[in-house]
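Look for chain A in each of the two complexes below; its partner is chain B in the first and chain C in the second.
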Partner chain A sequence: MNSSSYKEVETVNQIKNMKNIKNILLICVCVIIYTYYSAAMVDEKTIEEYDVSSGFGVDLYRDAAGTVKYSIPFSVLVFRGGNRQYSMIKTGEAPTGAETRQNRQLKTDKQFLIGSQKVLVFSESLVGYGLKYNADIEFNNTKINDRAIIVVCEGRTEDILRYKVKGYASSPEYIEGMVKNSMTNDFFSREYTILNMYVRLDTEGRNLVLPYMKISDKGLEITGLALFKGDKMVNKVEVDEAKFMNMMRENELLRGYLSIQKNSDEFMNFYGNTKRRVKCNKVKEGYEFEIIIDIKGDVIANTLYKEFNGKTKKELEKALSKDVEKKCSEFINKMQNEYKIDCLELGMYAASKYGRDTGVDWNEVVSNSVIKVKANVKVDKVGRGAY
Partner chain B sequence: MKKYKNIIFLIILIIFGGYLRTGQEKIENIEELDIAVGIGYSLKQDVDGSVKHVVPISSIVYKEDGVNVNSIKTGEANTVALSREDRQRKSDRKFFLGTEKLYIFEESVAMFGIYVPFETLFKNPVLNDDGFWVICKGKSEDYLKYKIQGYDTPADYVTGMIRNASSYNFFQKNYRLKDIYLMVGSEGRSLALPYIELKEKGFEITGMAIFNKDKLAAVLDIEDSKTMNILRSDKSRGMLTIEGNENDFINYNAKCKRKVKCTKEGDKYKFIIDLKFNGEVVNNVMYKKLSSKVEVKEKFEKDMAKKIEGRCTEFIDKMKNQYKDDCLELGRIAAAKYGRDTGVDWNEVISNSDIKVNVKVKVEKVGRGEF
Partner chain C sequence: MDKSKYHLLSDSEAVSILAGFMIGVGFLALPNQVAKEAKNDAGIATIVGGIYPLYFALLSIYYCKKHPNEDILKLSKRYLGNIIGTICNILFMAQFIIYIAAGASGYKNVLVTYAARFLTPMRVFFIVIGIGAYVNFVGLKPLARINKIALFLTIIVTSILSMSLIKGRYLNFLPVLGTGINKIIKGSLESAYAYSGMEGVLLLYPLMKNKDKIAAISLKAVALVIGIYSWIVLMSIYYLGYKVTSKSLWPVLLVTESANLPFINSFRLVFLLFWSLNVFKLTANEYYAAVYIIQDTLKIKKSKHRNMIILGVMPIIIWLCLYLGEEVKRRAILDYIIPKAILFSIFYAAVIAIAIFINDKKKNKSIG
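Take a look at the complex of A and B:
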C-alpha cells in the first residue's frame, strides 16, 4: 500500500469519526432536552388541588353484623376566588382506620394531605373502645402534625366538624382556639396534643386526660375532662372538678380563677397561677403522698372583707387555702372511691422512686393510699383596693 | 415586470380581502355562550315504544359578580345529533362545545350499547377528547344538577374524583374519551369504566362497569374492582389489608407493577401474570416487631402475597365463569404475539385459557414503627 492511499483511508476514517461524534452529540442533545422537559412534566400540584383539612374526627360504630367500622370525617377547606372559603365534610368508612383513606378517595375530587391537621376529634364510642389501635396509625404516619390538639366529643364527630361557627371557615379552627386558650382561665394544661397522648399511653404510672366537648344550645363548649384508664375512657369530670384535679395533677404553671362565696353579696374572686410539688413515701401499709400546691395571684373582686390590711390579707390567704384544700380532698375522695383511677399521676412519682416494671397496678395502689393536700396561697396584688 | 405587477396586485388584494372578511366574523363574549362542562346521556322509552335519546348538558352561566350559575339544558330527540336542535330551542345562548370535562352515561345506555352515541361523539371534531367518561346509576340529569357548595358545577367535582382516584384503589388513569376510543376499537381490549352513584352524602365511586364489546357486561363492587384493577393495569397504587379478628389487622399501602407472559400450546393459551408490590406498612397491630425483625417482615410479605394471590385467582374464576369477558385485556397481549385479525373471539379464548398469578410483596417503609 502506497502512502497516498494510506492517507486517503485515514481521512475517510477521520470523516467517519466526525460523523460518529456528530451522532453522539445529537443523541446527547436529545437526551438533555428530553430530561429537561420530562422533569418539568412531573406532577406539581398547587394547594388548590389538594384536600387541605384543618381537622378530622375518628368515630367507631358497629354495623348490623356486629363488626367494628371506623368512620373518619375530614373537614376540608374549599378555596374559591377572592376571600371565599367553604368547608366540606368528607367521610371515609371502613373496617380499619387506614382503609378509610381508600374509601374516602372514592368520594373526594382531590388528593388529600394527611398531617396538616390542627385538631383531632375523637368520639366517645372510639375512646370507650380503646385508643391503642388508632394511636398506631397516627404514630406510623411520618407526616402527621404531632402538636395537633385532641379532644373527645359527645355524639358523632361529624356533627362537631360540620358545626358552623360564624366568621370561621371550619369549626376545627375554632376548637383549636378554645382548647389553647382555656389554659389561661380554667387551670387547663397546654399539653393535649398527639405527642402527649403517645407518652401518657405508654408510660408507667401515667394516665391520659383529654378535654371533653359537646354542642350545647349556645354552640361548641368544653364541659370538662375525659379520664382514661389505659387506652380507654372510663369517666369524665366537670370543669369545676377538673380545675382542682389539674391543680394537683399537672407539673406546670396553671392559671385560673378561684373564689370564695358566702352569699350573693359577699364574695371574693382571685386570679392566679398554681404550681405543685409531690412527695412520696413508702410506709408499711402502702404509699403515702403529699401534694403541696403553691398559689400566687391577685384579688380581682372583693366584697367579703371591708378593709384590706395585713391582718385581713392573712385571713383571706388562710381562708382560700382552706377552701382549696377542702375541694382537693373532696376530689381525692371521689377519685379513690368512685373513679378508682390514678388521675393525679402519682404512680409516676412512686415508680420513679421505688422502681418501675414491678407489675404494680398504680391505679389500685393510689386508690388505696393516703393522699394529703396542702395549699399555700399568697396574695400579690389587690388592685386599686376595695370600693 | 408587468406580468409580475399584476400578480403582486392580485395577491395583495386577496390578503386584504381575507383580512376584512375575518374582521367581519362575529366574536361572541363569554357571557353570550353556553360553556358546556358536563354532558349526560340517558335513554327514555316513549309510550309507543320508540326510544328517545335525552342529552342534558350542564353549562356555566358567567355573571358579573363572580358567582357563576350551573344551568342544565336538556335536548330530547330520536337520535343523539337531533337532540342538539331540540336543546337549542330551549336555550337563550349559543352552545359552545370543546371545554367539557365529563361525560356521564347512564347505566341503561351502557346496556343498550354505546356504539351509537360513540359514532356521534367521534364525528364531532370540536369535542374535547380529554374529557372523562363515567357510568352512573339512575338519571344522569340528577348528577349534573346536584349542588356542591364551593363548586360551580358538580361535573368539576366528579372530574376531580376520577382524576385522583388513581392514588388509591388501584384505579387507572385512562378513562378519558381518547383512551376509550382505543379500548373499544382495538382487538383484544375491553372497556372498563368507573361507576358512580349519587348517595345521601354526595358522589361516590362504587365500582367499575365492565363491557363486553360495546354493551355493559357487569358492574363490579369496589372490592372486585380493586382486584380487577390490580390485574388489569400495568402500574397502580392502593391499600391492602390482612384482617384476623377484630383488633388484628395490618394495612399495607403499595405500588403495583404488572407483567404478563403469554404462551400457546396447541389451541390453548396460557397466561402468567407477575405482580410486584412495593410499599409501606401504614397501620400494624398484627405483626409484632415488624420493623425490627427480618423474619417477621418476611412472614408478612409471604402472607400478604398469598392473600393477594387468593384474591386474584378468585376473581379470575369469577371472570371466566360468570362474566365470560376478557376484562383483564389479556387478549391484547396474545394478539400482539400470535397475530391479529385471525377472527378469534378473545372473550371466549380467555375464558377457556389457563391464567396464573404470581405475586411478590416487598415492604419498603414502615413509617415511624409501631406504637
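Take a look at the complex of A and C:
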C-alpha cells in the first residue's frame, strides 16, 4: 500500500517536473523570438521623433541654365508644451522630386514622414509642365494617404502653405475643410483626391479637374477649377462657369444654388441636387451626345411670383430649366471653341460604347460633335411659406 | 494518418479547406495580372479561369465514386506502377512546395512594402513557415477549423470592398467582350496561379466524413472561390478602370483606400491583417499536403517521424523563399514555373482518371 502510494506521488512529481520544464522552455522560446524580432526594430523610431506635417506643396521652376528644378515645401507642425502649436515651412530643392528629400533633410532636425499628409498643393508651373512625373512618385509611395486632397494654386505653393489662418496651426487644415465643404453649396465634386487623380489621368476619355486656389485680399479662396488635358493644365474656369460644367460632368449627386433674377427686387433662389445622364450616338458626321440633367430641390427665397400655386410652380420650373440649359449651352460653346478639351468626360461614354484603345483623340472628337443639353427642374419643397 | 471518425472532415470543414487551398497570396495581385491581358473584361476572364479548379472538382468526384478510400497517391502507384507512380507523386509534392515558397515570398513582399518595412525577409519567413509547421504538428482537424475562420473573415472583408460601389463607374466594364475572346482567354490563363491549389482535393477526399456528398462539397468550394475572385476583380475594374489596375502591383489594396470606415484611419491595414491569416492558412494547407505525400512515399506511420519530416522540409522551403526574392523577380520566376506545374497536375490527374476508366471497363467486361 505504502510503496505504491509513494510511487504515485513520485510519478505525479515527475509529471509536474515535466510540465515545469515545458513551461520554462516555452518562456525561453518566447524571449528568443521577442529579441529576434525586436532586433529588427533598432533603427525604427517612435512617432514623436518624426516631423508631422499636414500638407506639402510641389513647385517647379527653371534655373538660369534652363534645367527643371523641383521645390517641395512641407508644412510641419511644431509641438511645444501645452496646446499651442506652430507650423514651419521646410523646403527642399532638387532636379527630381525624390532628391528634394535629401536636400530638405539638411535643413531639418527630424526625420520626415512622407505620405500622412492631408493636402497636396500643386503650383501652376508644375501642372503646366505635366503631372505624370509627380503622380509616379505618389503612386509608388505605399505610405501615402490616397484620400488626401489636391489643389492647384496661383503663384508659389510656399506662400499658400505659409499663409496664417487665425485659430489654425497650419493652412493645409483650413484648405482641407474648404475643399471638402465646397460641395455643399457650389456644385463641387466630393472627389479631388489623389486616388481620383490616378484614375482620371489614366482612363480613356476622362480629364482631370482640380480646385484652383489663390490668396486674394480676403484670404485663401477657391476661385474656380483648373482644367487638364492629359496631365497638363491648359485652362481654368471661374466658379460661376464651373457650376454648370460640374453639373454636366460629374456622375455624383451635386448640390448648390441656382437663381433667376429680373432686378434687385424680383428674384428667386433655388437650392437643389443635380444628377445627370448621358446618351451617346454615332451618326454620319461623328458623335452625338445628349446630356440630361435632373435637378430636384427647394425654393429658398421667392419674390418673383406673388402667388405660388400649381401654375406658377410649373412656370418657375420651366424658367429655371431654360436658364440652366442656356448657361450649359454657353459653356459647351466655349468649351468646343475656346478650351478645345473634353471637360465633360463624354469621351468615356463614347469609348465604352464604341470600343476602347482605338486611338481616337476624344478631346478633338468632342470639340467637333453635337452636344445637346436638357434640364428637368423639379420643385420639391417650398419652405414654410412665402412672406 | 489517423482515420478514426473524429479526425474526418465534416462538410463545412471540407468546403472551407478546399477553398482555403486556393485563396491566398494570389488574391491581391489577381486583378493586376488578369487586367493586363483581358482589360475591361477581366471579370469575365476570371470566371472563365474558374474552369481550372472546376476540372479538379469534377475529377475528384469521379475518383471518389470509383475509389472512395484511396487517394491519388495510391491510385497512381496502382495504375502507373510503383516507380513511375512514386516519381509522379514526388513531382506532385514538389508543386506544393513551390506554392508554399511562392505564397510566403509574395506575402513578405506585400508586408515589407506596405506595413513593416523594417522586417528582414528571414524574419517574415520564420513566422509564416513556422506557423505552417506548427499547425501541422497539431493535425488535420485544427487546420480545417482555421480554414473555416479564415473563409468567414475573407468573405466579410471582401464584402467591405463593396463600399467602392458608390464611387466607381459601371462604364469601366463596357464594352463587354470588347477586348476579344483571345485576350480574355489569355487573361484567364493569368488567373490560373490564383486558382492553383485545388489539386489538394485529390488528396483530401478519403478524409471526408460524407463521401457521397463530395460533389456538393467540391463544387461549393469552387463556386465560392470563383465568386470571391470575380468580385475582387470586378471591384478593382469598377473603381480604378483597367489601366490603373494593370499598373498597381496589388490593386486590391488601392481599392481598400476607398472604404471610409468610422474610427479607422486606413482600412488597408485592417485588410492586410485579415489577409495575413489567409496566407498563414494557405501555407499550413500546402505544408500539410506536402508532408502527407512525403509520409506516403516513405511509408511512415509514427507521428514522431512525421514531425521529423515537418522540420526537415522547413529549411528547403525557406531557401526557396529567399531565392524567389523581390516582387519583380518572383513574378518572372513564377511566370516560368507555374504554367509547367499546372500542366503537369492537369496531365497527371487526367492520366489516372483515364486509367481508372479503362480498368473499370475491363472489370465490367470480365464480370459480364
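Everything below uses one rule, namely that the second predicted complex is superposed on the first by the 340 of 387 C-alpha atoms of A that agree within 3 Å, B and C clash if a C-alpha of one lies under 4 Å from a C-alpha of the other, contacts with A are read in each partner's own complex, and residues count from 1 in each chain.
The rule is simple: a residue touches a chain if its C-beta (ideal position, glycine included) is under 8 Å from a C-beta of that chain, and two chains touch if they have at least 3 such contacts.
Computed from a prediction, not measured in an experiment: that's the story for all the values here.
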Touched partner set for A:139, first chain B, second chain C, both or neither: both
Partner chain(s) touched by A:283 [first = chain B, second = chain C, both, neither]: neither
Which superposed partner A:37 touches (first chain B, second chain C, both, neither): second
Chain C versus chain B, contacts on chain A by residue: B
Which of chain B and chain C A:97 touches, first, second, both or neither: first
Partner chain(s) touched by A:68 [first = chain B, second = chain C, both, neither]: first
Partner chain(s) touched by A:109 [first = chain B, second = chain C, both, neither]: first
First (chain B), second (chain C), both or neither touched by A:88: first
First, second, both or neither for A:198, with chain B first and chain C second: both
Chain B and chain C footprints on chain A, overlapping residues: 139, 142, 198, 202
Of chain A, residues touching chain C in the complex: 36-37, 40-41, 43-44, 139, 142, 145-147, 191, 195, 198-199, 202-204, 251, 348-349, 352-357
Chain B-touching residues of chain A, taken from the complex the two chains share: 67-68, 78, 80-82, 84, 86, 88, 91, 95-99, 101-102, 105-111, 130, 132-133, 135-142, 198, 201-202
Chain B to chain A touching residues, read off their complex: 66, 148-151, 156-161, 163-165, 167-169, 201-206, 222, 238-239, 241, 243, 246-247, 249, 251, 253, 281-285, 366-371
Parts of chain C lying in touch with chain A, wherever the complex brings them together: 39-40, 113-114, 118-120, 123, 126, 167, 169, 171-175, 178, 239-241, 243-244, 247-248, 254, 257-258, 260, 266
